[in-house]
Every structure is written in C-alpha cells, then in structure tokens.
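Taking it in order: structure first as structure tokens, then the write-up.
In order of appearance the chains are A, B, C and D, and numbering begins at 1 in each one.
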Amino acid sequence: MADHAPISIRIDSDPVHLCVVRSAVETAASRFGLPQHDCDRLVLAVDEAMTNIIRHGYGGRDDRSIWVTLSRLARNGQTGIEVVIDDETEQIDTGLIKAKPLVPANPDEITPGGLGVGIIEQSVDHHAYQRRTDATGLRLTLQKFASPPPTNDGGPSKTSLSAKA
Amino acid sequence: MADHAPISIRIDSDPVHLCVVRSAVETAASRFGLPQHDCDRLVLAVDEAMTNIIRHGYGGRDDRSIWVTLSRLARNGQTGIEVVIDDETEQIDTGLIKAKPLVPANPDEITPGGLGVGIIEQSVDHHAYQRRTDATGLRLTLQKFASPPPTNDGGPSKTSLSAKA
Amino acid sequence: MANSPMTITSSPLDDGQMVQVTGDIDYSRSSELRVELMGLLGRPVARLIIDLVGVNYMDSSGVAVLVEALQIQRKRNQKLVLCNLQPKVKGIFEIARLNTVFTLTDSVELAKGA
Amino acid sequence: MANSPMTITSSPLDDGQMVQVTGDIDYSRSSELRVELMGLLGRPVARLIIDLVGVNYMDSSGVAVLVEALQIQRKRNQKLVLCNLQPKVKGIFEIARLNTVFTLTDSVELAKGA
C-alpha cells in the first residue's frame, strides 16, 4: 500500500463494496477542487479498475483485499488527485493488460465486454500498471487534473465575501 | 484498528478529509439497506466523533491518524451497520467524555459548543467509548439499525420483477 | 450519495415490452440485470424499450449486458431502444463509442416510435 | 456526493444585512464562516438574515458559529433570522433542540418580516 497517503481505504473484494470507494473518490476529488465532470470520469476509471481486479485478478473471490489511496496533486497551478489501487494477486505480466479498440469496424462486431481498460485510459490524464515492490500484487496509479473552467459566458455575478475550498 | 472489517479507512486528521469519510459511511449504510434518514443520522454522529478526536484528542494537529471501519450488522432480521472509530491519542479517561444537556433551562444560557457527544448519543442505537486494547488510543463503537419502514399509505404499486439490494 | 436498491419492472407494449430500471448499475448488480433481460428475451420481443431514467450511474459491466441484449435483438431483426439516459450513463456510452451503435431516445414516447 | 466549495455572499437590507451561504459546513469550514459573520457583526446590524438554502449539511461546529452570532444579536437586542434550512440542517437544529431558540423561516420574504 502506498505509504503516507493522507487517505487510504481497504475493502474486501466483494462488488457490494465498490460503491463505497466510488463515493469516497468522488468526494475527495470534488473537495480537492476538481469539477463534477472530472470527478465523474475518475470515479468510472476507479470502478473499472476495481472490477477488473475482482474479475481477472481474484477470479471472482470476494474475500481478498483491494487497497485504494487518495492524495492531492498540484501541477502548474492546476489541482489534481492521485489514486493508487493495489491488489494482492499473483504477479501477472502487466503487458497483458491492454485496451481493446473501442471503435468496432462494423456494428455487428461489437461484443459484450472488453471496455474496462479502454475506459480507464480515456478517463484519466495518467495511468500506469506496475508490479508492487512492497508486496506481491499489481499496482495501478491514476492521476486526474482539473479541466480548465469553461469560458465565461458573461452570466450574472455577485460580490463574493469569500469562496474557499 | 478493528481486525477483518470488510471496509476500513484511514485519514490524516485534517478536517478537509472528514467529508470523504462521511460519503463512504453514507453510501455503505445505504447499500446495506438503511433508509436515508438513518444514514443521515449516522453520518452526523461519525462526523461529530471525528471532529472531537481532532479537537480534543489531537489538539488540532492535522497529521495524526483516524481509522474508521464499517461492517454490516443484522439483528432480529433488521439490517444495520457498525462503525468503529479509532484514534492514537494518549489514554484518556473515557468517563470524561460526557454529553452536556441539550436543553438549556433558559434560552439566554445557550453557549456555542457542547453539542457533539449529545448528538452522537441521540443519533445511533448503540455507542460505547473504550480504550483500545491493540494500541494506545480511544475507540468509539457506533451501531445503527434500519428504522421500521413508514406505514404504507396505499399509494400506487407496480409489479416488480425484482428489487435486489 | 444514497445508493438506492436496484429495481427492474416490466410492462407490456403493443409491440413488445418496456423495462424500467432504477439504481446504480455496477458489477454488484449487472448479473441480476442480465438474468432479468435474458429471461424477457427468452421469447421474441419485437420492441424492447429499456427506460434508464432512474439509473444515475452505470459501469462497463452494465453496458456489457445491454450490448448482449442488443446482439440478440439484432440477430432476430428486432428492436432494442434505450431511453432517458442520465448524464453519467450517457457519458459511458460516449466514451465506449456505443452512442451510435444503440438507438437512444430522450423519452418513452420517442422510444415507442423509434 | 459532490462537495462544492463554500461561498458566503452578503447584501444590504433596509434594516440590516442578508448573508447567503452555500456548501457543506463542517469543521473544515466553520472557522471561515465564523470570521465572516464576526466581521459583519463588528458593527450593529438591526436584522441579520442568514439564508441557508445552499447548505445541504451542517455539523455542530457550524451550529456553534450560529449560536455565537445569536448571542451577540440578543445582547444588542437585534435580530438574527435563519431561513431556508434544508432537511439535514433542520435535523441537527432539532436534535440539538435549537429549533425553538432560533427564529427560523421558510423564505427570505418571511425572514424580512420576522
């Protein structure tokens, strides 16, 4: 598990617990200053990653561990969040975790499944699978930064005494 | 930290992190089947308890740990949730943690503060402060069960194929 | 962020069936959704409308179930129409480039004519 | 459960000030709310209306700030009116038995006459 992260969560690998991590990630990302749309995309990526651990890493077992840590990031004045997701699967070849192309050549060729890794790739600014060095298992590191605010449409504004995070 | 809880969270004792635990607790309680009103009360109790740890236990320091574990409960067919909140404060006399009366004799006698422990007591079905046996620190155990559903008002009902948690 | 129970209710249409789903659909619930939809599609349904107005969140395990239902309907030359996709659900269909593969409408009325 | 930033905006009334607060008020934000309110109450305000329509959640640290403002107004024989309490905020006032101690109204209009 990533050391010294300000927030860390461990769940048993029961799919019922996924919603709890999603909520925690959404609220942390929002509190760290990411706009709603970015929070939504990050939450989806984390959910897909945890689902893949349960399905592919643990073969559906619900009594193994998934660890998730959350930390605030800053890059060129942009606020962001790092999510590190660790499991305790046997060492697998990280090269085998590959997104299938999301656009089928032909609508009749779409098949159920094969979306998770592609969604993860498309939903965050940075992602990296690596073997854990602290224990046996896989680590996925995700980073998401706040999108630039939409251009001001000249709507009404108010005198604000304060607007603190 | 409570062993083997299906969900466990650790935060640095920075008040900014409280919202993350609140979200996780709300979603877990809801997923375990508690009605919204019960989730709201439990979340408030957990928030007050963590705030007290930061203020009284850690004297406002934001770099200490708070651990929160969440487990599903069942009692007489009622669904519930147990929340265990651990800190690493010096051993304090748990007898000193007392609710002040919530009803002031005279409106002019109300003072800011002194509400936290009373709110905790009133918001859960069971609460207990004790010294941790696994380490130095205080443990607060909270239990909340689903309130009985409101009586059916004879509103419209539909054939349901399924309604699973 | 209350996580309300998943419900799946079905009602007949002149030319098929309408299914209304509520609740977040993730890997803890998608297999239940699959069982219900595959049950319905055990016999031909000329038009299957799935109303997602009560679904605030769906991940790829939910999408996979809908893709499977679409495949069945296509092979039979029958219709599957999804309606009332909420923003996050619309989002995953867009990310997965499936918004052009499915027939999506903004109301049940439109779904009946699609 | 997005956690939108806290905002505090103030506007003059014929006989005082109205303050609109948005965002969840917990221990990470209550001291900021206190600074703003104590700043406003640095001079007498015959009627202070605090509109909580945008506050979905408040814990006892937020309530304590409002109690402090109420004490100041009482000592000066001036008014503090809270309006548009959302369900969870109303809930903590009820648990703390403060719903009868504060003047609470369901609209800004009513608060102006309370």
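Rule of thumb we're sticking to: contacts are C-beta pairs under 8 Å (C-beta built on N, C-alpha and C of every residue); 3 or more make two chains touch, one makes a residue touch a chain.
For clarity, every value in this text was computed on a predicted model and none was experimentally measured.
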Contact tally winner between A-D and B-D is B-D
Taking each chain's centre as the mean of its CA atoms, the one lying farthest from the centre of subunit A is chain D
CA centroids of subunit C and subunit D: separation to the nearest Å works out as 45
Per the C-alpha means, the centres of subunit A and subunit B lie apart by a whole-Å value of 27
The distance between the C-alpha centres of subunit A and subunit D, rounded to whole Å, is 37
Note: subunit D sits from subunit B at a C-alpha centroid distance in Å of 25
Touching at least 2 other chains, the residues of subunit B are 14, 16, 19, 22-23, 26-27, 31, 165
Among all residues of subunit C, those touching at least two other chains are 1, 3
Subunit D contacts subunit B in the complex at 1, 3, 24, 26-28, 57, 59-61, 63-65, 67-68, 70-71, 74, 87-88, 91-92, 95-98, 101
Interface with subunit A, subunit D side, in the complex: residues 1-11, 19, 29, 32, 36
The residues of subunit A that touch subunit D in their complex are 23, 26-27, 30-31, 33, 36, 39, 158-165
Per the touch rule, the subunit A residues reaching subunit B in their complex are 6-12, 14, 16-17, 19-24, 26-28, 31, 70, 165
Seen from subunit B, its contact residues with subunit D in the complex are 14-16, 18-19, 22-23, 26-27, 40-41, 44, 47-48, 51, 54-55, 102-104, 107-108, 110-113, 115-116, 118-119, 122-123
